[in-house]
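Each of the next two complexes has subunit A plus one other chain: subunit B in the first, subunit C in the second.
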Partner chain A sequence: MSSTLQAPATGATPASLEAAFARHLEECRQLPDWWLEMKRSAFERYRSLPMPSRKDQSWRFSRLRGLELDRFDFNSTTPAADHAGLIARSNLVSRTAGSMVFSDDRLIHNQPVAAELAAQGVVWEPIADALQQHRELLQEYFMAQDPRLGSEKFAALHTAFVNAGCLLYIPKGVEVELPFIAYHWASVAGGTVLPHTLVIAEESARLTLVDAFFAADRSAPHFACGFNHIFAGDNAEVQYYSLQDWSRRAVGFQINSLVTGRDARIKSLGINTGCSHFRGEHQSLLQGAGSHVDMFSLSVASGEQEMDQRTLQRHLAPNATSDLLFKNALSDASRTIFSGLIEVAEAAQQTDAYQTNRNLLLSPEAEANSLPGLEIHANDVKCSHGATTGQIDESEMFYMLSRGIPLNKARELLVFGFFEEVIGNIDEDEMADNVRALIERKFHEDASAQ
Partner chain B sequence: MNTLDIRNLSVRVAGNEILKNFSLTIPKGEVHAIMGPNGTGKSTLAKALAGHEDYEITGGDVLLDGTSILELEPDERSRSGLFMAFQYPSEIPGVSIANFIRAALQARLAEGEELEATKYYKRLYEKMDLLSIDRKFTARSVNEGFSGGEKKRCEILQLAMLEPKYAILDETDSGLDIDALKVVAHGVNTLRSQNMGVLLITHYQRLLNYIVPDRVHVMYDGRIVKSGPKELALELEANGYEWVRDHATATA
Partner chain C sequence: MSTTAPTPSFDLNRDIGDFSYPESHKFDAGAGLSERTIDYICDVKGEDDWIRAFRKKALQVFLSKPLPTHWASRDLETINFDKIRYYLSSGQQPKRTWNEVPDDIKQTFERLGIPENERKFLAGVEAQFDSEAAYSNIKEAVGKQGVIFVGSTEGLMKHPEIFRKFFGKVIPTGDNKFSALNSAVFSGGSFIYVPPGVKVKHPLQAYFRINAENFGQFERTLIIADEGSEVTYMEGCTAPKFGTATLHSAVVELVALKGAKIEYITVQNWSANVFNLVTKRAMAEEEAVVKWIDCNIGSRLTMKYPGVVLKGRKARGEVLSIALANDGQHQDTGAKMIHAADETTSNIISKSISIGQGRSSYRGMVHIPKHLSGCKNNTECDALLINTNSRTDTYPAITVRGNRNSVQHEASVSKVSADQIFYMQQRGLSEAEAMSLSVNGFVNDLTRQFPMEYSVELKRLIDLEMEGSVG
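Right after this comes the complex of A and B.
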């Protein structure tokens, strides 16, 4: 149970983290001083903070310890010859309001917003470009929410090395129908990716954004540490989708932070299929009265994958609602951890907050851990949490068989039915179909690997 | 040969013998009804024929057009032409009716053969219209959140789409109001043909006013104690199941 997590040897001997950071600073020396200064102090903070251990409440059950980061190359660069192929594979959604493709943290393709949206003040830029023109936005919002679920050290690491990411700013009252999408590719074996997404929706703005995390070679090791921060202003409406399909040998962190203004609505939906060890942290801060947050997640784990997810629904304002549904399907000897907390402050009266974790065990060796929690300081609230772990329902299976559907097909239909409760909440039909295809591919890869 | 032939079938559930030397022959083209009090083994018969693993066959045989089906898995029994409409159909979240029935039909095709989507939907909509099922239901998850009547209509829709050789309708009338019952009965009557044998299992005579059987069998304590023409149902209705009990005791 106490296996040490190590990056697989990659052949090359990457420099120490200190040397990698010095080189990173050198590479971005043309960026503004305040940005570089922030990076330097973040790197110091990274070094001074202890590596999390399973003794910490927020890392209970997690196998992650002794992560030897200097085995990964923090200065990896994708060969130019590979760019076109990766851009062609960045095809999750065909009609977008704007898209960017990054590979090993370098921007390799950028479809800017239409002139009409730009004229209304919509900003969709790589963060490196936005540092000059949108300094105030970045200084106010970049990494402005501290991680509350255990990854302070990785937040510092992310800030120190961040190079890839996008800033999306939607001004007051502007509604954008088509989705924005950022693709992040991990390409070089043994490399690192630190994707960042910052979304600021002003009052009554509306938008959809997709983050896609893909691996060029789905069997190559890499390290990923991504953050996304979403700020929905008063009455704004944001849909955020993330699709984590890093390689099967990757170690990945993804920290998701949502903040609502008055009457704002955010829907966050994540799909996880990749990584040998994945850690997802999802925190929602309902600080606007009457706001609403939906948090959905679907993780499909197989082999010896570990998917470790921690969630927080933090209600600070009255009359706000939050609804969380995290589903895990576990095959082989995979394991998942779900730890969720609903926290209701004294002032947050008339809160409605729900938390549901459902685990489908498809193998006797799979292990699902569930740690739901409530911490309520207000006296007039409706909160509930529930966790279920079970196998395929026998009466449903018999019903399928009794219609002549063979066992394997029946099982596939039932498992995919389990997924639909999450996938069905993807409003973009094309993306929903692509998500289904991606999960199907994983299933068939697993089947052929056996 | 054109029969579903149940011969001296004995079935045990959780250690108790429920069916005892049960015999019944249903020819194609006929509708047979089995009536009987609760706990007499009617649903056990249905589940055992469908191949549910909790129902242990301890004796006898079941021949579908002359071939024993007892060694077949539940899905193989279905593909060989047996259909069961469940008393309590399962809800299957996330699997649409259209995909469910499609998978069942696809399973009946030869390897490499694909169901043609447009033809499939055309036929599906025809059958839905026949059963007064809103076409929007195709996208809904199987039985999820359905009323009792909707579930039963969905069962008959599957029957209509799969065109089995023999259909067993287990308490298809239970929980239905008179309007829903008429719709279901109309569906079954439309599907009645020389190519299908039907076994109606019911507790109440009411269903048989709408689906008129060729033969009625009275079941008691795991076996058939009396068989007769459709009028037997009325006789049973008039005299009650106590009459059956007395009759069974007298002949035992």
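Right after this comes the complex of A and C.
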């Protein structure tokens, strides 16, 4: 057990958190009663659920540091003077179908959808606004998938305090070419952000959405607890990208849930560079026959960062396929945990599911933990997983050096080659280039910090 | 995630055969586990006081540890520790006659080609298998080379200078709840010491000295291979063993000193109501090689993860395992490789077959802590599912620190290819024969490494288990 986990197992929720919740309710008192009631019962659930412990299989190897939530301000607000600067820095993709910028959970910029899309019934709204007009959508889909990978307590916390986020609804048959993007900034030092993204794609709809998680000051501490839920209807196609670059001292949770209808296709791709302790949970529910899910992730960890990611590919329907590739590059004394599970139900015959975890260790102090799992209840399936942990290939390095490429440059090229297998799956070229630049910046920052 | 609800309606009392225990025996400890049970065992066996103290301490550890149901099957909760008899002296062995042995068991013996005199022992008709002559011969043969091959109590009493040093060191009492239980009530098993440079030609078989004790319930085995020596040890047999207890909890410790080689072969086929919860671990010093070959068939729940602690430079550990789970059975097996020195290598190959509603799980641990270099691990797990409701799981855990080691893990799940079956049926084989052939092909590269008689029996056994699973 980690000695730094101070929070008691059950019961005593810090007094400051109780007070923060009362203030939060006060702040959103104009919102509908059912919403406030849901928040109250969520906070009740948060109180009653135990803090995770490493004895839970879903928290095995986790350090569980930094979860003393009383050190964070759950009612933080960004000074108005900072808004313009943050909006200007929200420039990952230049042409979008709609974009929103939140800072410390307050909406500071909103580019609505074009009139033409709105006329087709596309909904792109901050959740607070959607509560009035799209109540039935929220009641049906908001947090409708329970977390299955260990973060029940944090799901309750998220629901209790959620304020920021967007609802994207694409009606039947509507295809949107340009991406939607939501930027979430953590701005105040010691503050808290709880981003939420809810995507509902009706039958044969098509869309791309990007979540960008940034910190105004990349060295200030903050707490993040984000959830995104994506529902792809029959034959719908969804691409979801998330870029997590919270501050280097942040404690972050990001829980990702995908649900597919018949013949639906979802691609989910996450890049993680930020947080001192990051916990990512990614669950896919393949409940439509013939559906397909791709799950990609690239984590670049350095310093003392811990990137803890858990995945679940849950096959309930026949003929569905899923493919997962999680890559971690570890420098310094960083740690990563990959724990994946492919679950194939008895009814899910002809499933084709793969899971790959690759860890690249770049320093003698780095530690990679890998727990690739399978639970198969059907026999006519093709399932496999592979996990490798290793270092830069010596023969590749030799080849580079023998071509006159200096050692540092050769190393960088090989490491970037390792990243490219994930980054290459980003279909938005501009975003892919920005991701490369962001990782390069992190790499050089780390190099100059040494 | 990995737990299943316990099967409620299970009677832990033996339901095969009709046993009666003589009641008021002089040393009868009765059912259940207490200090009295331990005193009883120590008195009957005439053990030294330090062993008594060791057992009593282990009892406390056992009582204080919870069942590991936070990761293991909740089926463990159905074990009623108070109803189990922890030690039966020979006078208390349950009796039954050959006529009471179920017909299918008799047929199985027939099909497997088990010799007549062994059948009675295996069926529990005779509590003692008369192998005294065979044991004396082998003991004499290896004795000339200085090899000590004795029972656990005899080893601890007569050769404390050799065995006490390593007894309970590779697997400490508190390693897990069941190793603690074994430490408290162990009886039977083998203690073997192979002197430096001695290469034992013939495999030593537990078979040869199982006559003395209540075979295998809480057996304790310790094998020490001194520098540069080599030894192969075999336990179990392919025949279904209708033993006398529903809980088997063995502890096996292997110590391979510098440059030594130990190969430990297990083939077990428990009856379908047995909990088989075994702790097996080896310690390998510099350039030593330890190889576990493990074949698990039968039992209600087997939990067994042979491990190697690679303590010296260039030590090597290997686990080759085959598990076969039929209806109502759960084979929860795997391997542990703890790398604790530079340039250590390990290899795990696990193949499992699930038939009917059988469930087989692979659980593995590979640990390479920091500041080591040149360590390598290779893990392959392949699962074969025969019926639509068969189940398989894989739960490995791999930790690697530092950039000078490499680890790879691969697992796959498949069914018997329809093309193969079709091809064989074209050639005149029945569907069942084709299935058997295919399954035997799946495990063939592992069974080839088994001693001849084991691989032949194993093949027959797979044929038997496959019967009725198709069509």
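We adopt the following convention: the second predicted complex is superposed on the first by the 435 of 450 C-alpha atoms of A that agree within 3 Å, B and C clash if a C-alpha of one lies under 4 Å from a C-alpha of the other, contacts with A are read in each partner's own complex, and residues count from 1 in each chain.
To be clear about the criterion, a residue touches a chain if its C-beta (ideal position, glycine included) is under 8 Å from a C-beta of that chain, and two chains touch if they have at least 3 such contacts.
All figures in this text were calculated on a predicted structure; none of them were measured in a lab.
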Partners on subunit A (subunit B, subunit C) - clash or fit: fit
Touching partner for A:E346 - first (subunit B), second (subunit C), both, neither: second
Contacts of A:N91 with subunit B and subunit C, given as first, second, both or neither: neither
Touching partner for A:G373 - first (subunit B), second (subunit C), both, neither: second
First (subunit B), second (subunit C), both or neither touched by A:K55: second
Partner chain in contact with A:Q132 - subunit B first, subunit C second, else both or neither: neither
Touched partner set for A:L414, first subunit B, second subunit C, both or neither: first
Touched partner set for A:S41, first subunit B, second subunit C, both or neither: neither
Touched partner set for A:S384, first subunit B, second subunit C, both or neither: second
Greater subunit A contact set [subunit C / subunit B]: C
Minimum Cα separation, subunit C to subunit B, after superposition on A (Å): 16
Those residues of subunit A which subunit B touches in one complex and subunit C touches in the other: none
Subunit A to subunit B touching residues, read off their complex: 393, 395-396, 398-407, 409-410, 413-414, 416-421, 424
Contact set on subunit B toward subunit A in their complex: 50-53, 73-79, 84, 86, 89-95, 99-101, 103-104, 107-108, 141, 158, 162
Partner subunit A, residues of subunit C touching it in the complex: 1-2, 70-71, 370-371, 383, 385-415
Subunit C-facing residues of subunit A, complex: 55-58, 60-61, 341, 346, 349, 359, 361-392
